[in-house]
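I've put the structures underneath this note.
Look at the two complexes coming up: chain A is in both, with chain B in one and chain C in the other.
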Partner chain A sequence: MSEYVLAISRPGYDATDPATERKDFVFHSDNITFKIAKVLHFTSTSSQAHGLGYPPSFLFVRERTTPGQYDGGNDGYELGGSSTVYVDSTNVYYNDSVFNPRSSCYVFVLLDPLNE
Partner chain B sequence: MAEIFGVRISKPGKNVFTDAIKDMALDSRVNMLKVHMAGYGTQSVTTAVTANIDVTHNLGYRPIVYFYFEHPENDRWHLSPARVDSTTGTTWDLLSAYDHQSVNTVRFKLYDGGVDPMPSSPTNVNYKYFILVDPQAGAWDE
Partner chain C sequence: MADIFGIKISKPGDDVFTTPNKNLAFSGQFDTFKILHTGTLSYSLPDETLTSTTKTYTATYTHNLGYIPFFLPQVLQVLNLDEPNNSSTTFQVNDAAQFAIPRGGYDGSLAAELASIYVTSTTLVFEIVREETVGVAANFGPHTATVDYTLFYNRIDETFDLT
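Let's turn to the complex of A and B:
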């Protein structure tokens, strides 16, 4: 633990109590938080430049063909699903599911690099 | 418990006193994902053999985890669980999944055993993981 920290506990928990578990903090400067560089929207299989110069970590949600319904992550292997979102140092790639197409996909590009 | 104290930081252009939680950069009334540990490495993967990467975090519960791996054929990174195959621009398959072996250990898996095996076995695969402080279930439920 660092000599000095910025720590914010959740309501009802004491940030200065050493017994307070880290999961009961909203924020603790000893733990990084994901920082969103940008959110990219895809409506078909394609790629978009992210502009970071390194492969960034990312999360994504996909919009189902039923409007307003979303799911996260790739299709299961048993469904024949392949990886749908991937990155390199230049681009974010969206590969819409062949077996279970979605209307669109939102990719949260994070600042945290994957190659270090 | 009635909230007496709190910390809020609003987004630019938003009012910290009157606007909604979604307009805050930080609000101590709601949890934020926090990284407990992260790791980058290279794993040798042999065709038809599951390559396991066991990471001990000692949190005492099953945390949210994110595992990424780089297909060496085109240097593109994927988020596990995932199957990388010809539809994603590679000539050989690479699969990944993970499971919690216990409340203190998570196992990340890489596997090449699909229809299209790697041309040269074994092959090194780069990976990156994030293990969060936040439990995958039960966080802030009570």
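Let's turn to the complex of A and C:
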């Protein structure tokens, strides 16, 4: 631990107590907190530039066949297998499923690099 | 974006004035994940034999946020490797989050117990599907399917750009 820190503990935990575990801090400056840079929206197979210059961390959800229902994770083979989201240092890519096309996919693009 | 006011916190040893945003411990310019609720959803599945049938069971948590919130884990058609084998072993979905069934099944038949999680503007849904699709009776055992989840306040069905 560094000499100076900014630390915020959860209610019921003492931020100044060395015994307080790191998982019980809402924030601790010794650790990077995920920073959400943008949310991108896809409606079909395509790519969008993220403008960060490195492959960013990302998370996503896609609309199911029933409108208004969103799930996460890549399609298994039973759902078509070809649908996925991936990134490089330039773009976020969305490949919609050939067999089970989704009408909508939202992607959290994080400022935090995947490759550092 | 060049806001005059804001909070930036660097990691030990980094100069907060020159460190790239990606290396900051925190920056008020960007959104952060805020946990609304953590919990466990489970369903007690019955002992049953299915032939050319699909059955769906659900357990839910009502959040009533009025928009699509982000959630974890990302679980889509996770396969219970113990079924259909009349198993009484608990299906802990977090332990199997990367198992998805191949199209057509492993041996040409298609009988499976699959778990997914999805969210609506009001509800987080844990869905278990049992299916037998080729007309060969499959016996599914009585057991509990369960998943530990985290639901966030963060809205994901709305685009923004904070860079």
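The criterion applied here is as follows: the second predicted complex is superposed on the first by the 108 of 116 C-alpha atoms of A that agree within 3 Å, B and C clash if a C-alpha of one lies under 4 Å from a C-alpha of the other, contacts with A are read in each partner's own complex, and residues count from 1 in each chain.
Heads up, the rule we're going with is that a contact is a pair of C-beta atoms (placed from the backbone, for glycine too) under 8 Å apart; a residue touches a chain by one contact, two chains touch by 3 or more.
Every value quoted in this text rests on a predicted model; they were computed, and no experiment measured them.
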(request) Give one word, clash or fit, describing how chain B and chain C relate on chain A after superposing. (result) fit
(request) Look at A:85 in the shared chain and tell me whether it touches chain B only, chain C only, both, or neither; answer first, second, both or neither. (result) first
(request) Using the touch definition from the top, say if A:51 reaches chain B (first), chain C (second), both or neither. (result) second
(message) Going by the contact rule set out at the top, does A:59 touch chain B (first), chain C (second), both, or neither?
(response) both
(request) Considering only the touch criterion stated at the top, classify A:70 as touching first (chain B), second (chain C), both, or neither. (result) second
(message) According to the stated criteria, A:106 is in contact with first (chain B), second (chain C), both, or neither; which is it?
(response) second
(message) Tell me the contact category for A:23 with respect to chain B and chain C: first, second, both or neither.
(response) first
(request) Quick one: classify A:41 as touching chain B (first), chain C (second), both or neither. (result) second
(request) Would you check which partner chain A:31 touches, where first means chain B only, second means chain C only, and both and neither mean what they say? (result) both
(message) Quick check on the superposed model: minimum Cα to Cα separation from chain B to chain C, whole Å please.
(response) 5
(message) Quick check on my understanding: which residues of chain A belong to both its chain B contact set and its chain C contact set?
(response) 27-28, 31-34, 59, 73-74, 76-77, 81, 112, 116
(message) Quick check on the complex: what are the chain B residues that touch chain A?
(response) 1, 3, 6-7, 26-36, 38, 40, 61, 66, 68, 70, 74-79, 81-85, 87-88, 95, 97, 126, 128, 130, 133-135, 139-140
(message) Under the definition above, what is the set of chain A residues touching chain B in their complex?
(response) 8-12, 22-23, 25-28, 31-34, 55, 57-60, 73-74, 76-77, 81-83, 85-89, 93, 95, 98, 112, 114-116
(request) Under the touch definition given earlier, write down the residues of chain A that touch chain C in their complex. (result) 2-6, 27-41, 51-52, 54, 59, 61, 64, 68-79, 81, 104, 106, 108, 111-113, 116
(request) Under the touch definition given earlier, write down the residues of chain C that touch chain A in their complex. (result) 9-13, 21-27, 30-33, 68, 70-77, 79, 97, 100-104, 114, 116-121, 125, 154, 156-163
